[in-house]
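Each structure below appears as C-alpha cells.
What follows is chain A paired twice: with chain B in the first complex and chain C in the second.
Right after this comes the complex of A and B.
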C-alpha cells in the first residue's frame, strides 16, 4: 500500500466504489423494486400519515419476531423454513389453554411461553428428523408438513377438546360441547399482555434512539481509525441521527396527531433482544458449526461436525422462536381465527424476509427488519391504492397476496437458475479439459 | 415371507396404511347398514369427476418435472374457456366442447411458458410449481374482477367482476356427462357419459405415451443424461409433457365443474392440485415414475375413502363434515410427505 501514490489509490477507490454500487443494485433488485412500489403505493393511496405510522408500528412490532425466527435455518443451509407454521400452532394451543384458565396480562404471556416452548421443541425435533430424510427438498417438505400438521391440529381442537380432553368453557367451546369456536377472543385476557406492559410516545423513543445512535457513531469513528471512508460515514451517520432528533422535536412542537402515537417498548425490547441473541449465537461454537453445515454438508461431516444433529437443533430453535413470535402476534391482534390464523404465517414471513433482500442461502437481521417494514407498508397501502387506481379496494387486496406468492416464486426461480448455472460451469470446464 | 416383505417395501408403509384404512371403512359400512348402492354410485361420480385431473399428473411425472403442483394454471385456463363459452350463451354439449376448444389454446400457451420456466429450475420444480400456481390463482383473482364479461348469469348485478360461483344449471350443463346414457345396474347408477369421457381421455394419453414422442419423453424423464446421449432433446420433451399436463388440467376442471354444477372462480383452484397429486401418489406413483394404473388405482382409493368416510364417521362424531375434511387433509399431505422422503440421491 505504501508504494501507491495518492492518485492511484484514489482511482482504485473510485473503481471499487462503482463496482460496489453496481453490485449493490443487481444484488438488491427485489428490495429496490419494493421500495419504489411501496413509495408509489403510499403516494397514490393518499393515506393520512398518522394512520399509516400508527399501523406500521403495530404491524412491525407484531411481525418482526416471527420473521427473525427464519434466519437460523437459512444459515444452517436448510432454506426458508416454511414449517414455522407448526410453531404458530403450538403458540395457538398454548394461548387457547391459558385463555381457558383465565390467566391474563403479562403473567398469562409468560405462561403461554412456558407452555408453547416444549411443544415447539417437540415439533421442531420431528420436523428436523423429516428434513434430514428429505435433504435438498426441505422447503417443500416444510410447506407440506405445515398442511399435514394443520389436519392434526384441527382434529385435536375440533374433535377431541371438550370430548376426550375435558374443557368446560361456554365462551371457548362450541354449543355442542365439543370443539373450540372458530374465533377466540383475547379481550380482557391476553390482549396487549406484552404491548401494554410499558409504552412510550413515539417522539420520546425517537429522541432516545437518536442519542444512542450518536453515541454509536462516535464509538465507530474512534474504533475505525485508518478507514478512508471514516469521515464521510461519521458525518452522514451523525447528520441522520440529528435529523431524527430534530424531526421528533418538530413533531412535538407542531402538536400533530403523530405525537399521540405510542410505541410498545416491551415488545421492541423483546425484538432487540432476539437480534442480539442471533448476533451472539452465530459467534459461538454451535453457530460456527451451523455456518459450516450451511456452506457444505460434506465438508462439515468430514470435519467431524454431527451434521444431522446440527440441522435438527437449527429447526428446533427456529420453531421455538416462531412460537414466541406468534404469541406476540396474537396478543397484539387481540383475537384470532382458531383454524386459520396459522395458515398464512409462514408464507407472509418468508415473503417479508425475501423482500428485505434475503435469499435461500443468505439472510441477515437487517434484511428481516427492512423486509417487514416494506412488506407491511405495501399491505397497508394496497387496498386504498387499489381504490384510487381501479375504483375497487378488492384489487389492492388481491394484489398484495399476489405479491407475497410472486416474490417467493421469483426468488426461488432465480436461486434454482443460479445454482444450475454454477453447477454447469465446472462440468463444461472439465469436459473441455478432457 | 420374503415375497411379503418385498411387497410391503415396494408398496410402502404409507400406502398400506391408507389401503388398510379404506378396507376398515368398507368393513364398517356393512354392519352399520349403510346403503351400499348409494355409496358406490356417489363414489363412482366422485372418482370419475376427479379422474382427468389426476390423469394430468401422469405426463408431468413421466417427463421428469415431478408431480404438477402448478396444475392450477391448467385449471384456470379451463375455467377461462368455460366462462367464454358462457358469455356466448351456448348450451349443453356445444357449450362443453366449445369450452374445451376455447381453453386449449390458452392451456398450450401457458403450458409452454410454464415448461420453459421449469427447464430453468431443474431440481426445484415442485416448490416452484407450487408458488407459480398460487401466484397465478391470486393474479387471476384480479383477472376475474376486471375482465369484461357481461352475461348477467355470471357477473354481479352491480359493480364489476364475476361471481364467486357460476351456476351451470341454466345452460343445461350441470351433470351433462353424468346423465348422458346413464343407466341403473341394480340400485347403482352408472354415469355412462362421464365414464366414457374418462376412458377416452385415458386411452388418448395412453396412446400418446406409447408413441415415439411419448416413449422419448418417458426416457427423458427417467434418465436425462442417458436420454441426452441417445440424442433426445430433454428440454423439449419436458415442455411437451408440461403442455399435455396443463391441457389435461383444463379439460379436467370442465369435467369436474359439469358434474359439480358450478364453476368455482377466485379461491377455487388454489388447493386442487395437491388433491390430484395425492391421488396419483396413493396409487403407487413416485416423484419420478407413474403409470396409468397408478392414476386409476389412486383416484379410486382416495375418492373412495372420502365418500365412504363421511357416513361412517357420522357414528363417532356429531361433526362428520369436518371429520371427513380432517381425514382428507391428513391423508393427502401425509402421502405427499411420504413420497418426498422416498426421493434419494439429490
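Right after this comes the complex of A and C.
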C-alpha cells in the first residue's frame, strides 16, 4: 500500500485548490451524465423494480468479464483494445465445436475455455506484433484487425466447415452441408453452463457480502492503527454493510418478488476472481513493467525493460480474458448469431468502460464495473422510456445506439483535448510545489 | 598498461547515412577520474555517449566502427541493458523519469526488489510482487549518499528539476556494479546553487572510485572539477588535456576552432530614442514567474536586458505581453494600446517572441525546418501563400528559397530545409526560432533565454545575430539568467525582483549594484538612482 503514498500527497495538493470541485465535475463528466440519464430513464420508464433488478443482474454478470479484459492494455499504454473482437471470435469458434461435440453444462464451458485459450493467445501474439509496428495507432489498428479477421472467420465457418473441416451435424450445418447456420442455439448445451452451476437468492448473497464486508472493515480497523481517520472510516463502512444486511432482511420479510431473484454465484466468483487477479497482477514485476511501459515507452526501454515483449504479453492477456469473457457472455445469452455476434462486442465493451469514467490512458476495475452497470441500465430502460415519451420503443433503441457510439467519440475527443492542456501542466505543477 | 584503464575507446567512428559524425575517437578513463568532454553542439558528444550506452538509434543505423574496452576486455555494447550490466550508467540530458511514479519507483526502475507471491511459485519471476519496504530502504540509502533530504516516496511529477536530476543520479549509484557514470549536460537545466550541489556530488562519487564522464558546455565547471578534458569538434577529437595544462580560454578556442575574444559592444548609444513600448502596471499570472505591477519603458532601437533571479518574474514579462499567459495592465506600442491576452494582436503590432521554452512552445519539433521558419508569418501575415479565389496553397517555391536564405544567413547546420527540427542540436534549433521570429519582420523582438542549453560557439553566433539585427533598427528586449551575456550586448539592464523592476542599470555598473538589486536590497536602488 505504500506505493500509493505518492498519490496521497498529490491529492492533498489538489484539495487546496479551489477548483477541486469543478475539476471533479469535468473529469467525471461522462459518468455523471450517465448517472443522470439512467436515473431519468428509470423514472420515466416507470419500470417494475423486480424486472429491472433481474435484468441488470443478468446483464452485468454477462458483460463484466469482457469489459474487465480491457484494463490491462490501457495500463500498458496501448489504449482501448478494440481487438478483443478477435478473442470473441476465438470463443465463438470454441463454442461451435463444443456444441457440435455435444459437451454440455459446466464441463462444456471448461472445454470451451481450454479450446479458446490457445487460439486467443495465438491471435493476441499476432495482434501484439502488429501493434508494435503501429505504436500510437493501436486503437484504429485493433478496430481494423477486427474487421480483417472477421473475413477469415467467415471464410472458415462458411466455406471450410463441412468441406475441408468435416462436420456432420444437421442442427449446426446448413442444409447444403457446407457452412454453419446463421444462428447457433446453445439451449440444452452450453446455455447457463456457468450461470446455473450454483445460484443463490439475491438476498442471501447480500447478507453474505455484508458479513464479509464487516469482517473486512474490522480487519482494516485493526490494521490501520494510528490513522486519524480510522474511526470515521470504520463507522461509515460498518454502517453501510449493516444497511445492506438490514435491507436484504427487509426484502425477505416483505415477501416482494425481489426475494425470488437468484444470482449466478459461479459467474460472479469468476468476475471477482478476475478483479482480484488484476489488482494482484499490477503489483507484480510484470504488472509494474506494464505500468512503466504505459507511462513512457522510451524511459522503459532505456531502463532495460523489453517494451515490445511486454506489450505483446499485455495484448495476449487481454485477448485470452476477452475470449473467456465472451464464453461467459454466450452461455448467458443461450444463442448467438454465428457471423455477427462478435461484431459489437468491442464497441460496446469500450463504450461501457468509458462511461464508467475510464479514458484512453487510465482505467480501473471500479470504472469498468460502474460502466457496465450504467451502460446496461440505459439499455434496459431506454426502450420503455422511449415508448413513454414518444410512444415508440424504437426511439429509445436509436437513442441507446447513438449514446454508445457518441460516448466513444466524445471520450476520444476529450482525451485529445486533455493531452493538449497537459503540455502546459508541468509548469503549473512546478509552481504549486514552490 | 591497458589494465589500468576502466574504459577505453579506440578509433570509434560512426556515420549516419554516409555522413561521418564521429571519426577516430580515442578515450581512456581511469577509476575515480572525472573526465570532461566538451564540444559545440553537433560536435558528436551525444553520439559518442549513445554508442557507449548502446542506444538503439546507433544500432538501427548501422552500428559503429572501432573498439570499446571495459577493464581491458573488448566489449560490443548493443543495448542499454548490456551497457548497464557492464557497469555503465548514464544520467540523461532529458530526464529518464516516470513522473507519475514515486522517487523510489524511479530509482529502482526495472531493478525492483521482488518477493515471492502465491502465483510466482508457479509462473516464475515475472509474477513476483514488488518489495516496497526494501526498495524504499535502498532508495533512502542512495539519496543519503548524495545528501538529499527529500522523502523517497514523493511523486516525481512537480519536483524541481534539481531533484529530478538527483533522482536520476541516485538511480545510477544504486546500481551495485556501477563503474562508469556518464553525465550528459547535467547542469544545463539547473540553477547555480543546484549545479554546485551536483558538482559536489560528482566529486564524492569519483572519490568512491567511480569513473565519471562529464559532458558540458560550461567551461568554468570543467575547470572546477575535471581531471582530464577532451575536446571534440565536428566529430573529431581535437585534444585531450589534463586540467593543469590548460585554461578556459584555450578550451574555448579549441572548441570553437577560431580565435575567441570578448564580445565588443556597440558604441553608438541610442539613449535618445523615443519610447516605442511602454508598460504600465503589468501583471502576469505565469506560474513560477509571476509579474505584479511592473512598469517599464523601452526606447526605440535599444537592446534592453531583463535580468533577475529565477522565479522573480523576469520571464513573465515577455510571455505576458505576447499573450501567452493571462495578464492585465496597460501596454502601449508606439503610443497605441495593445489588447492583452491576444497573441495574434501582439504579432500584428510588430512584436515577435523567442520563447525560453524552445522545445515546448517555440518549435513544431516534427515539422521541417522550412515550415518552422515560415509558420508564424504564414498564419498571421498570410505570406508564402498563393491564392486562387477562395482557395489558397502554400507557395513552396518561395518558402524553399526563403528557408535556404535563412539557413545560410544564420548558419543553421542541417542536412537541408526539409530536415525535421527534432533532429537538430539545441543551438541550431534556437537559430530556427530566430529565423521564424525574423520572418515576421518585427519592430520589437522579445528574446527569452536565447542561449540556454547551447554551446559557446553557437551562443556567440546567436548574440552576434541579435546585435546585428539591432543595428538594422530592431528594438530588442532580451531576458536572460546570464548576467554576463546581458552585459555584453545590452544598452540598459532592468533587474526584475518580486515581480517588479527593482532598478535599471547600465551594463558598466559594478557587480555589487547588480548583485544588490537582484537580491532585492534597497541599497541597490539608491545606488542606481
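As a working rule, the second predicted complex is superposed on the first by the 395 of 434 C-alpha atoms of A that agree within 3 Å, B and C clash if a C-alpha of one lies under 4 Å from a C-alpha of the other, contacts with A are read in each partner's own complex, and residues count from 1 in each chain.
Rule of thumb we're sticking to: a contact is a pair of C-beta atoms (placed from the backbone, for glycine too) under 8 Å apart; a residue touches a chain by one contact, two chains touch by 3 or more.
Bear in mind the structure is a predicted one, so any value in this text is a computation, not a measurement.
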{"item": "First (chain B), second (chain C), both or neither touched by A:232", "value": "neither"}
{"item": "Touching partner for A:300 - first (chain B), second (chain C), both, neither", "value": "second"}
{"item": "First, second, both or neither for A:285, with chain B first and chain C second", "value": "second"}
{"item": "Which superposed partner A:246 touches (first chain B, second chain C, both, neither)", "value": "neither"}
{"item": "Contacts of A:179 with chain B and chain C, given as first, second, both or neither", "value": "first"}
{"item": "Chain A residues contacted in one complex by chain B, in the other by chain C", "value": "none"}
{"item": "For the chain A and chain B complex, residues of the former touching the latter", "value": "130, 133-137, 139-141, 143-145, 147-148, 150-152, 154-155, 158-159, 176, 178-179, 390, 392, 394-395, 398-399, 401-402, 405-406, 408-409, 412-413, 415-417, 419-420"}
{"item": "Interfacial residue positions of chain A with respect to chain C in the complex", "value": "2-3, 5-7, 9-10, 13, 280-281, 283-286, 288-289, 292, 295-296, 298-305, 423, 426-434"}
{"item": "Of all residues in chain C, those that touch chain A in their complex", "value": "55-56, 79-81, 84, 92, 96-102, 105, 109-110, 112, 114, 117, 119-120, 125-130, 132-133, 136, 153-155, 157-160, 287-288, 311, 360"}
{"item": "Contact set on chain B toward chain A in their complex", "value": "117, 120-124, 126-128, 130-132, 134-135, 138-139, 141-142, 145-146, 159-161, 274, 317-319, 322-323, 325-327, 329-330, 332-334, 336-337, 340-341, 343, 346"}
